[in-house]
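Letters A, B, C and D mark the chains in the order given here, with residues in each chain numbered from 1 onward.
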Amino acid sequence: MKIGMIGLGKMGYNLVMNLKDHGHDVVAYDVNEESVAKITAEGVDGVSSIEQLVERLEAPRIVWLMVPAGKPVDDVLETLVPRLSAGDIVIEGGNSHYKESLRRHKHLKEKGVYFLDCGTSGGVEGARYGVCTMIGGDPEAWEIVEPLFRDISVEHGYHFAGQPGAGHFLKMVHNGIEYGMMQAIAEGFEVLHKSEFDFDYEKVARVWGHGSVIRSWLMDLTERAFSKDPKLESIKGVMHSSGEGKWTVETALDLQVATPVIAMSLLMRYRSLEEDTFHGKVVAALRNEFGGHAVVKK
Amino acid sequence: MKIGMIGLGKMGYNLVMNLKDHGHDVVAYDVNEESVAKITAEGVDGVSSIEQLVERLEAPRIVWLMVPAGKPVDDVLETLVPRLSAGDIVIEGGNSHYKESLRRHKHLKEKGVYFLDCGTSGGVEGARYGVCTMIGGDPEAWEIVEPLFRDISVEHGYHFAGQPGAGHFLKMVHNGIEYGMMQAIAEGFEVLHKSEFDFDYEKVARVWGHGSVIRSWLMDLTERAFSKDPKLESIKGVMHSSGEGKWTVETALDLQVATPVIAMSLLMRYRSLEEDTFHGKVVAALRNEFGGHAVVKK
Amino acid sequence: MKIGMIGLGKMGYNLVMNLKDHGHDVVAYDVNEESVAKITAEGVDGVSSIEQLVERLEAPRIVWLMVPAGKPVDDVLETLVPRLSAGDIVIEGGNSHYKESLRRHKHLKEKGVYFLDCGTSGGVEGARYGVCTMIGGDPEAWEIVEPLFRDISVEHGYHFAGQPGAGHFLKMVHNGIEYGMMQAIAEGFEVLHKSEFDFDYEKVARVWGHGSVIRSWLMDLTERAFSKDPKLESIKGVMHSSGEGKWTVETALDLQVATPVIAMSLLMRYRSLEEDTFHGKVVAALRNEFGGHAVVKK
Amino acid sequence: MKIGMIGLGKMGYNLVMNLKDHGHDVVAYDVNEESVAKITAEGVDGVSSIEQLVERLEAPRIVWLMVPAGKPVDDVLETLVPRLSAGDIVIEGGNSHYKESLRRHKHLKEKGVYFLDCGTSGGVEGARYGVCTMIGGDPEAWEIVEPLFRDISVEHGYHFAGQPGAGHFLKMVHNGIEYGMMQAIAEGFEVLHKSEFDFDYEKVARVWGHGSVIRSWLMDLTERAFSKDPKLESIKGVMHSSGEGKWTVETALDLQVATPVIAMSLLMRYRSLEEDTFHGKVVAALRNEFGGHAVVKK
C-alpha cells in the first residue's frame, strides 16, 4: 500500500522503516532536510514539501502525521488538507489531546476527508519492530487502512475503538496508567533502598520480571536501567512529564472519577521538579510557631 | 532430591506437583486428610503427621512449609524443629512478615537448623508450572537447595537475596507494587467507563497488553477477566487485602519513605469495604452548617 | 453610600441587610419577585428590573452582583453594562473562576467601567453580621468602595489584593484549603468512630475547638453538627462540591504545584458519590484471576 | 490543691506557673537542676528527687508527669510507683502512644494507683495561660483532679473521655488532623506563590483568619509567621514530625479506615527530608528507557 508520512522524528522514522519492511511504499517528509536525506539513503522516497508528498500519492490518499502534538499538527493540516480530496485519509499518530482530535475530525469531515486519531505506544523499539496503536474515527476509513496496522503492529497490538477521539482517549488513559505503574515500581525500589537489606536491584528487577504477578515490560526496563547503573548514581530523580498524565487527571476530574493513584503519580512528578518547597516552609514555620520546634535555616 | 512439603493448599499442592514433574521425591503432609489422600492418588508420598514426614527424610533434611502466615507457621515449627538435626533446612514459603522470619531464623539458628524465608509469587498457575521466588537466609543452605528452585521456577524466576528476612521483605514490597499497579489499571478503566465513549474493555485490555508500555501479566489477566464478564456486572467492587500491602506501607512509614501510590492503593481498598462513610457524613454536615448546602438524608 | 445589589439569594439578601444596618442606601433587585417583595418589606428599596436599579443610582454608580457563577453573571452584565457610564463600578461577589473575572475585567475596562472581583466567605451568618472578602481589580475603584467593605466586614475581614482576578483567585484557593481542612477533621472523627473507644463526638469537637492547635470555625461547626445529631445517623456521607476545589486542583496542575491533600479531598468527594466503583470491580476481578481470591457477587 | 510535677521542660514549666497562678501548691522536680532552681526562684517548691517529691505530698497524692514519651515515662514510673500508695493518682501528660497508656494503666491498677492519660494541646502559650487537655482513665480519679483542670484550662478546654487510653488516643488523632490542616494551608500558599499574582502572604493569612470559613488558630499563626519573614526566605521547607501523625495513620490502617489526607500529609513530611529521591531516579531512568527522554545528570 502507498502511504505518506509527515514527521521523521524518533517515532516517525522508525514507523517508516517498519512499513518499508512490510513492503509498503512510503513517501516521507520532514521539515528537517537531514532526516529526509537519511531516510532517502535507506531507499525511501523522501520529498521536500507537503505539496510534493500529496502529489506522489493516489486517491484515496493515506497520510500519516507523526509530528509533535498541538500547533505542529494544526500547521501541517493547514497546508495538507486543502490539497487533499474527499475520501482521502489522515492518520494522526501523535500524542494529541482527544478533544483536539474531535475538533480536527469534525473540521476534516466538512471537507470529506477522513481523520483517524491514532494513539501510539511501545516506545521507539515498538515503532520499529512491532508497534501498539489505538485508533478512533470512521469505520469506512479504518477498513481501508487496517492492513497497514496489521503489518506494523505486534500481534493483537492494534485496536480500532470505533468513535472519533477514542484512539487518543485510550492513549491518554494508557499513559495515566503508565504513570501509576511507574510510580508504584519506583516506590517499591525506594523502600528496598532505605531498608536494612543490601539488595542487588538489577537482580531484584529480573526476578520480579519473571513469573511474578508484577512482571511487565516496565519491570524489564527497570532491570535494563539497573544493569547500566546499579544504584542510578549518575542521574537525578527529576521526573518530567509530557502531558497525558495531566490530561488523564483533568479528564477524571471532569468525569468526577476518583483516580488517587494516577493523581499522586503526577503530583510526585511535580514535586520532583524542586529541591525545596514553599508548602514545606509554611509547615515548618507553623511547627515553630505553636510548638517552638526548630526550623532548618537556609 | 528428596523434600518434605507441609501444607497442601492451592499453592503447596501445586508446588508438590511441580517438584514431582521435575523428578523430585516429595513427602507431603497437610492437616487436611483429604488433601493428603488426593495427592497420594497422584503418586506422591503422603503422610499423616509431621513426625512421619521427618522420619521419611534423610539428613540434611529439606522441609518446605506452605501454610498460612502467622500462628500456623509457628505451630508447625514447634512440632517440626525439635525433630530436626543440625544442618537440616526449613524453607518457609508463605506470606510471612519479614520480621517474623528474622525471629524464626534466629531461633532455628540456635539449634543449628537453617531457615530460608521464601516469598512466592506467580499465583496458582505459577506454583504449578513455573514459580517465582525470592529467598533470604544462609548461603550454605541456599547452595544445597538451589537446584530445586532452578527446576520449579520459570527462567530467571528465583533470586537468593543473601540475608535472612530478605526473601519475605522482597515479597512484601512486590505485593505493595502489585497494589499500586492494580489500582492504576483499575482507575484507568474507570475513566473509560465514565467517559463519553463506548469501549469494549476486553479489546482495550488486549491491545494494552500487546506492544504497549503498560503490557504486563496484570493486563493479560484484566483481558481475561473482561472476557468472562464484559462489564464486570456480576461482581461488587469490594477490594479485600491480605496484609503485605499494609506491611509495605507500615515499613515505608518506619523508614520514612514517601510511598503515596502504594498507600493510596491500600486506602482505596479499605474505602471499598463500606458503602457509606463517617467522614463523608462529617463533611456533608459541615457543608450544611456553613453554607446551608443540602444533605442527603438516609 | 448608595449601592445597587443584584441577586437576593441567601448571600445577597443578608449582605443587603448588613449594608442597611450600617446606614447604606441599597437598591435591590432579583429575578425572583418574592425576594424583592420580602426585602422591600424590610425597608429596602426593591426594584423590578436592572434598568430601574441603574436609574436609581448616581454616578459613579456602585453595583454589586451576587448571582450564581457562570452564565447568570454574564447575563446580568449584558443587561447592566450598556446602562453604565465610565467610572461606574461593578463588584462581582459570586464564586466565579478567576479567569472569567480577568475576561470580564478586560471587557468592562474597554467601556471605562471598573470591575472588582470579590470572593466572599464566612457563610450566610457572615454575610449578615460580618463578612470576609478578598477583592481584586483597580485601586481607583477600590478607594471608592473600601468604606462599604469596612462597614460590613468582620474586623480585618477584607483584603484588597491589588490585581484583577486576585480576589476570586484567593477565594478559590481558600476553598481548596477548606476542602483539605474539612477532610482532615472528618478523617479524624472516622478514626474515633471505628476505634475501640466510645467517644461523645460533640464533646470531643468542643474540646478540640477550645485551646487546641486545631481550634477553628470548622471545629465549632463540627460541634454544632454533632449537637443536633450525635452520630450523624440521619444523613448519608455524600459529599457534593461546587467547583472551587476542582479549580484549585486544576490550577495547581497548570502551575505544576504538588497539592496532594487538596487533591485527595476532592477525589474523596467524587468517591462518595457512588456506593460501588468500577475500579473496585477491576481490582476484585484481578485478585480472583491471579490468586483465586473470592469476589463478592452482586 | 497540692500536686507534684515531674518534668519542667517548655510544657511542664508553664503548667506549673499556670497551676501556681490559680492558687495550687506545686512540688516540682526535673532531672535538670537548673530548671528546678529557676522555678524555685519563682516561689515554687522545687525538689531534687522523686523520692523527695513524694514525701512532700499527702495521700491521695497527685503526681503529674510531663516528660518525653517512651522510656523517660517508664523510668520515672519505675522510681515513682513503688513510693505511691493505693488511691494515689498519676497524670501522664506527655505525647505517649495510647497503647503504652493502656499498658501503664493496667500496671498501676494492680497496685491500686490511678493512672490518667492526658493529651495536652495548645502549645507553650496554652500551657501557660489556658491549656487544652483530653483525659482518659478512671472516673474516681477524675473526680478528684477535675478542679485542677478546670482552673488551668481555657473555657471548654478539657474533656474527660472516660476510658483508659482515650485521652492519648484523642491527642493522637488531634495531631493527625493538625497534620492535614497544616498541609492544606501550606498547599494553598504554595499555589499562591507559584501563581501569576503577587500576593502579600501576611495580609492574605490575616483576611483568611478573620470571618472566613477557614479561620483557625493555625491561620493566625500563619499570619504571625509571615509577619516575621514575608516570604519565609530564611528557612528551608524541611518538615519534621514527632510521632503522633504516624501513629494516627498506623491506627487507621489497623482499623481499616481510609485517611488519605492525613496519610498524604505525613508522606509529604517524609518527602521533605530529602532533596532528591530514589523513586524519582527510577521513574526518570524508565522514561529514558522506553521513550528516550533525557535524564538530568548529577
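Operating definition for what follows: a residue touches a chain if its C-beta (ideal position, glycine included) is under 8 Å from a C-beta of that chain, and two chains touch if they have at least 3 such contacts.
If you want to know which protein each chain is, UniProt gives these names: A, B, C, D = 6-phosphogluconate dehydrogenase (Decarboxylating).
This one's a predicted model, so the numbers in the text were calculated from it and none came from an experiment.
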So using the touch definition from the top, which pair is joined by more C-beta contacts, B-C or A-B?
A-B
Name whichever of A-B, A-D or B-D reuses the C-D interface, so over half of the contact pairs are the same residue numbers.
A-B
Using mean C-alpha positions as chain centres, tell me how far chain A is from chain C in Å, no decimals.
39
What is the distance in Å between the mean C-alpha positions of chain B and chain C?
49
Suppose each chain is reduced to the average of its Cα coordinates; what separation in Å results between chain A and chain B?
33
Residues of chain A that touch two or more other chains: which are they?
123, 183, 185, 187, 190, 194, 213, 217-218, 256-260, 264, 267-268, 271, 277, 279, 290
Chain B residues within the chain A interface of the complex
121-123, 126, 130-134, 153-159, 161-163, 165-166, 169-170, 173-181, 183-185, 187-188, 190-192, 194-195, 197-200, 203-204, 206-219, 248, 251-252, 255-262, 264-265, 267-268
Residue numbers on chain A that touch chain D, as the complex places them:
10, 123-124, 182-183, 185-187, 189-190, 193-194, 217-218, 221-222, 224-225, 229, 232-240, 242, 260, 264, 268-269, 271-272, 275-293, 295-298
Across the complex, what residues on chain A touch chain C?
213, 246, 249-250, 253, 256-260, 263-264, 266-268, 270-271, 273, 277, 279, 290
